[in-house]
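You will see chain A twice below: alongside chain B first, and alongside chain C after that.
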Partner chain A sequence: MLIAVFLPLIFACLIPFLSKWKQKVHTGWFVLPIPFSIFLFLILKVGKQFSPISQSYNWIPSLDINFDLYLDGLGLLFGLLISGIGTLVVLYSIYYLHKTEQLGHFYVYLLMFMAAMLGVVFSDNVYALYSFWELTSFSSFLLIGYWNHRSGSRYGALKSMLITVFGGLSLLAGLILLTIVTDTTSIQSMIDQKDTIMNSPYFGWILGFVFLGAFTKSAQFPFHIWLPDAMEAPTPVSAYLHSATMVKAGIFLVARFLPILSLSEWFFVVVSGIGIITLCWGSFMAVRQTDLKGILAFSTISQLGMIMSMLGFGTDAAIFAAVFHILNHATFKGSLFMVAGIVDHETGTRDIRKLGGLMTFMPITATLALFGTFSMAGVPLPFLNGFYSKEMFFKYSLELGEYSGIAQGLATAIPFLAVLGSIFTFVYSMYLVFGTFRGEYKKEELPQKPHEAPIGMLISPIILVIGIIVIGLFPHLVNGSFLAHAAEAISGHESHKHISFWHGFVTPLFMSLAVVGLGTLLVLTRKRWNSIYNVIPGKLSFNRVYDWLVDRTERFSSKITKTYMTGSLKLYVQLILIAIIFGTISMIVITNGINLDATDLAKIRLPELLVVGMMVLASIATIFTNNRIAAILILGVVGYGLSILFVLYRAPDLALTQLIIETVTVALFLLVFMHLPKLEKRNESKGSIFMNAAISISFGGMMTLVGISSYTSKWFDPISDYFLETSKSLGGGSNVVNVILVDMRGLDTLFEIAVLGIAALGIYGMIKLRRKKEAK
Partner chain B sequence: METLEMTQALLEIVTEICIVGVSISLFILLYRAIKGPTNPDRAVALDTIGINLMGLAGLIAIYLVTTKLNDIILLIGILLFIGTVAIAKFLEKGVIIERDMD
Partner chain C sequence: MEIITSMLAGILFATGIYNLLQKQMLRIIIGTALLSHGAHLFILTMGKLKRGKPPILVEGVEKYVDPLPQALILTSIVISFGVTSFLLVLAYRASLLNETDNMEELRGSDYE
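Right, the complex of A and B next:
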């Protein structure tokens, strides 16, 4: 199984080496066996006596992160969909994409996606699941932006990336919480511990995060907006990712975690509510689209909403119906996307307003489209699989249990909303097929003269349509051996349903008939009520919200950055100082750290007082002088005063150094003086001056306070006595300061020498480099 | 013994008086350095401040009864000279180190 997951990835690495044969053989032929062999491997597991297979491979065992693979009915269903439709899509893409395209890129991305998707459905370890989950988002991003020279592709890719990664990250949060609560990383053991999860205080958060992850990935309302924009991808990608596989990852997630999620009484309201809203909104919006793939995108959204709401019903029968519809949707939607691709390929446009009357030109394609759309619409014909699952949807929407409050209201509304959504589904399905293939043939508007597609392109949709019909005619072929296992894997109960075309005259049948009747009426009168789209949604669209959010975030953050990143060093220093002042003062207040005690102070002597008085006067004078030389000279006074203070405190070495440094500094100032602008009185506002004064005074005050406090609070004896005692005996010198500098802590001295050396080199370099530049 | 004590007390008192005197001189020089209408005034004031500091250092050495500060007194003298020459050269020519005219 590990090989099955990683085979596409390994092969993706080999694709670049195939470029030698690029001109002769289409790369797709080399790719084709990969999904097909996985499909064969998986199909051999199908049977009545299926039991889950579990395998484990070490990855990071110390963190309990491993490649735990778990193949149960649900995983098998998805695995078959991924590899089966993957095979068909690769076959289709061989004829769809021309050899002049960058095929290597395309198949690398596609295989990457395939491996990621297989990883998602087979993973039992939540972290492995999340890794593959993000890899699907990432490879989908690459595939949507495949024609990266188009701005639409880049926009769509970015949008889907932002939305799905947002959901992915929230999923990660949910999974981490689950791990914390259950102390395991295996999904199956989490499900075993569902009581612990339910009683944990994080339960609500877990629900929210996991739902957010699932709803963004599966394009549920209101996160559906990325899917229509993802239609900029090549059609095989749309058929594969955005109808059959990736968008079902969210459904898979809800299904996988259903035993945990459905513990909440909100499960029904959230999942079914969102699902049914998505169903209605998606199908309503699909009617408005003029692009074939746009219609299919919104149709996908609405079908996903339908599956989601069936999962939300939570009854075993409804779960079975959801699983059934997952399979059905993959067959008819995949074929419809391929049909749309063929129409695009052979006529040069996907705009339904320009298309029409293609039936005589493309009879096979038209037939395929007819089956696909009728199955999607749920037309009651015994050879269409879409009808069965829709009928089940109606049936179970009527059989919801007793709820209270909002849930009861929702349970009452769901059957009506389901019919409403289905009516619009019927409308756009009919519009799609008859708008494209019937009506008048608009010769002038088509860029190319239409003709039937090559047989290779038709194989994949033909196989899918055969799938529709076979499932439609013999639903029990997939029922007991296959779907029942998947439904059992979700709910944990065995639920073997009898799928039959004829139930007798019961309510679901009347609902279906009502859909067909009202739908036909709406299709025929479409021109009359089309203007409703100017009212609903009118200008209300989540795309606008998204654009507004992205735009606002950018503008808002740039505004925030501009408020403080002004380039003014003065402001930065102000901010730094204010931060230090606030941090220190608040820390002092919180820890009650002020410690003022006058018992340990030395006596103040007259010379000290005089020298300090002189220094204070000189420093104040420095601030107020307008003459730069005067400022330097007066600052020199402060420096000399400091050296006298060192003298007073018996630190001759410090005094010596201080004197030399002071003189050198004054001389250096004089050296660079020529190049400095004149110090002038700047016209600053009163507020700014006041601000500066306040900051400097409070900073000085704070440092004084800290100094006094730290002097007063002595935690232990200083180690200076040790130096005084051992300076002669260990260091061999009576100058204790120098012994410390070169003997006891010589390492510091070494690096201070290094600092001086670097500074000297730096100055030399700067001056030299500037000279050279001037010379040029 | 009494004489010695008295001498020491006298030395201390005299030193303190001298320190106060030098300090007053320093303050007046500081006034010149701050106020000084021209920069040469300030330069001269700084120079004289330095000489007063030499005196102050010497007085402190007596006050603290130590010979370790004599280096400092000498150093102040040298540095002050160098500093004053540098300032004077700057005020006169605008540069301190002249570039070779080759």
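Right, the complex of A and C next:
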């Protein structure tokens, strides 16, 4: 099974070599056997006596992150969809993409996506699941942006990336919480620990995060906005990713975690509520689109909403219906996307306003579209699979249990909303098929003269349509051996349901008839009520919210950055100082750090006081003088004052060094001062002077406080006695300071010499080296 | 006495910072010099003042001043001297090249 998951990835590495011969053989032919062999491998597992298979491969065992694979009915259903439709899509793309395109890129991305998707559905380890989950987002981003020279593609790719990765990250948060709560990384053992999860304080968070992940991926309201923009991708990609596989990953996630998620009474409200809103909104918006793929995108959104709400019902029967519809939707939506691609390919446009009357030119395509759309609309014809799943949807929406509060309100509203959504589904389906293939033929508006597609392009949709009819006529073929296992894998208990072929004149049938009746009425009077679209999405469109959010985030962050990253050094210094002052003072206050203890102080003497007073005066005077020389000399006064203090405090070496260095520094200052501009008074506003003064005074005050309080709280004796004792015996010198400098802590001195050397070299370089321009 | 020298160090810090926040380059260098004076005084004060003879071993003397802070300050003086002289030359070159010593006018050329 590991090979099945990684085969596409491994093969993707070979694609660049194979695509060199693309002028002779279309690269797609090399790719075709891959999904087909996976499909064959999986189909051999189908059967009545199916039992889950689990395998484990080490990845990071120390963190309990492994490739734990688990193949149960649900995984098998998705695996078959991925590999089966993958095969058909590859076949279709061989005829759809021309050899001049960058085929190598296309198939590498596609195989990457296939591997990721298989990984998602087969993973039992949550972290492996998450890795594959992000790989699907990533490869889908690459595929949407396949024609990266178009700005629409780039916009769509970015949008889908932002939204799905947002969801993916929140999913990760949910999975991490689940791991913490259950202390295992295996999904199956998490499900076994239901009670622990339910009683944990994080349960609400887990629910929220996992739902966010699932809803963004499956384009549920209000995160559906990325899907219509993803239609910029090549049509095989839209057919594969955005109808059959990736958008169902969220549904898969909800299904996989259903035993955990449905522990909450909110499960029904959130999943069914969001699902039914998505169903209605998606189908309502689909009627408005003029692009064939736009209609199909919103239709996908609404169908996903339907599946989601069926999962939300939570009963065994409804779960079975959801599984059934996953299969059905994949068949008819895949074929419809391919039909749209054919129409685009053979006429040069996808704009439904320009299309019409293509029936005579493309009879086969038109027939395929007819089956696809009628199945999608759930027209009550007993050989279309969409009809059964819609009937089941209606039936179980009427059989909801007893709830309280909001849930009860929702349970009462769902049948009506379901009918409403289905009416719009009927409207756009009819519009799609009749708008394209019937009506008048607009010769002038079509870029190309339409003609029937090549047979190779038609094979895939034909196979899918045959699937629609076969499932429609003989639903039991897929039921017992296949779908029942999937439903069992979700709900955890066996439920063998029969898809009723004809169930008599019961309410769901009347609901279907009502849908058809009202739908026909709406289709015929479409022009009269079309103006409603100017009012209802209008400003409430979520695309606007998204654009506004992205735009605001950019502008807001750049505004914030501009407030403090002004390029003014002074402001940065101020900010740093304020942070230091704030941090230190709050720390002093928190730890109650000030403790004055005056017992251990040296005596105050007059000469020292005089020197101190001189230094205070001199240092303050540096601020007020506007004469360069005066400022330098006053600085010298401070330095010499300090060296006198060193003398008074018994530090002969320090006094010596300080004297010399101060002299040299003053000399240096005087040397360069001729070249420095005059210290002219800069006009400063009073506020800024006050600000500077406040900062510097509080900094000085803070340092004084720190000094006093740390001085008076000495905790242990200095280590200097050791230096004094061993200076002579070990160091062989009686000047202890010098012995420390060159003997005991000689390394410091070495690097201090290095510092001086570097400074000297730097100064030399700065003075000597000139750019060529200056040298002239 | 330590309290007074602490206050002196505080004043040196305050005036140093005030100079640092000015626009003229020369003032900024003066500010850094004041700051390093403050820091040296601070280290000396923290090592306790006047607890004996200078740390040069003489027969018969029992109590000496703590030699370690002195060694530290000596290192620090030399380093700050190196940095200050480097800064000075830097300021000289910068004001020559840019024809201004106003820090507010000195901004990266790639600043939008």
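Operating definition for what follows: the second predicted complex is superposed on the first by the 751 of 776 C-alpha atoms of A that agree within 3 Å, B and C clash if a C-alpha of one lies under 4 Å from a C-alpha of the other, contacts with A are read in each partner's own complex, and residues count from 1 in each chain.
Here, a contact is a pair of C-beta atoms (placed from the backbone, for glycine too) under 8 Å apart; a residue touches a chain by one contact, two chains touch by 3 or more.
The structure displayed is predicted, hence computed values, not measured ones.
Engineer: Which partner does A:S727 contact after superposing on A: first (chain B), second (chain C), both, neither?
Structural biologist: After superposition on chain A, A:S727 lies in contact with chain C alone.
Engineer: Answer with first, second, both or neither: which of chain B and chain C does A:I629 touch in the superposed model?
Structural biologist: A:I629: touches chain B, not chain C.
Engineer: Mind working out whether A:R650 is in touch with chain B, chain C, both or neither, as first, second, both or neither?
Structural biologist: both
Engineer: Figure out whether A:P16 sits in contact with chain B (first) or chain C (second), or with both, or with neither.
Structural biologist: In the superposition, A:P16 contacts neither chain B nor chain C.
Engineer: Contact-wise, after the overlay, does A:P607 reach chain B, chain C, both or neither (first, second, both, neither)?
Structural biologist: A:P607 contacts chain B only, not chain C.
Engineer: More residues of chain A in touch with chain C or with chain B?
Structural biologist: Of chain B and chain C, C contacts more residues of chain A.
Engineer: Check the residue A:Y640 against both partner chains and state whether it touches chain B (first), chain C (second), both, or neither.
Structural biologist: first
Engineer: With both complexes superposed on chain A, which partner does A:T663 reach: first (chain B), second (chain C), both or neither?
Structural biologist: first
Engineer: In the overlaid three-chain picture, which partner chain does A:I719 touch, first (chain B) or second (chain C), both, or neither?
Structural biologist: Touch status of A:I719: second partner only.
Engineer: Identify the residues of chain A that lie in both the chain B contact region and the chain C contact region.
Structural biologist: 650, 652, 673
Engineer: What residues on chain A touch chain C, complex-wise?
Structural biologist: Going by the criterion above, the answer is residues 567-570, 573-574, 577, 598, 601-605, 608-609, 612, 615-616, 619-620, 622-623, 628, 631-632, 635, 638-639, 642, 645-646, 649-654, 657-658, 661, 664-665, 668-669, 672-673, 675-677, 679-680, 682, 684, 692-693, 695-697, 699-704, 707-708, 710-711, 718-720, 723-724, 727-728, 734-737, 740-741, 745, 748-749, 752, 755-756, 758-760, 762-763, 766-767, 774.
Engineer: Spell out the residues on chain A that touch chain B in their complex, using ranges where they run on.
Structural biologist: Chain A reaches chain B through residues 606-607, 610-611, 613-614, 617-618, 621, 625, 627, 629-630, 633-634, 636-637, 640, 643-644, 647-648, 650, 652, 655-656, 659-660, 662-663, 666-667, 670-671, 673-674.
Engineer: If you look only at chain C, which of its residues touch chain A in the complex?
Structural biologist: Per the stated touch rule, the residues are 1-27, 30, 33-34, 37-38, 40-42, 44-58, 64-68, 70-71, 73-75, 77-79, 81-86, 88-93, 95-97, 100-104, 106-108, 111.
Engineer: Quick one: in the complex, what on chain B touches chain A?
Structural biologist: Chain B residues touching chain A: 16, 19-20, 23, 26-27, 30, 33-34, 36, 39, 42-43, 45-46, 49-50, 53, 56-57, 59-61, 63-64, 66, 68-69, 71-72, 75-76, 79-80, 82-83, 86-87, 90-91, 94-97.
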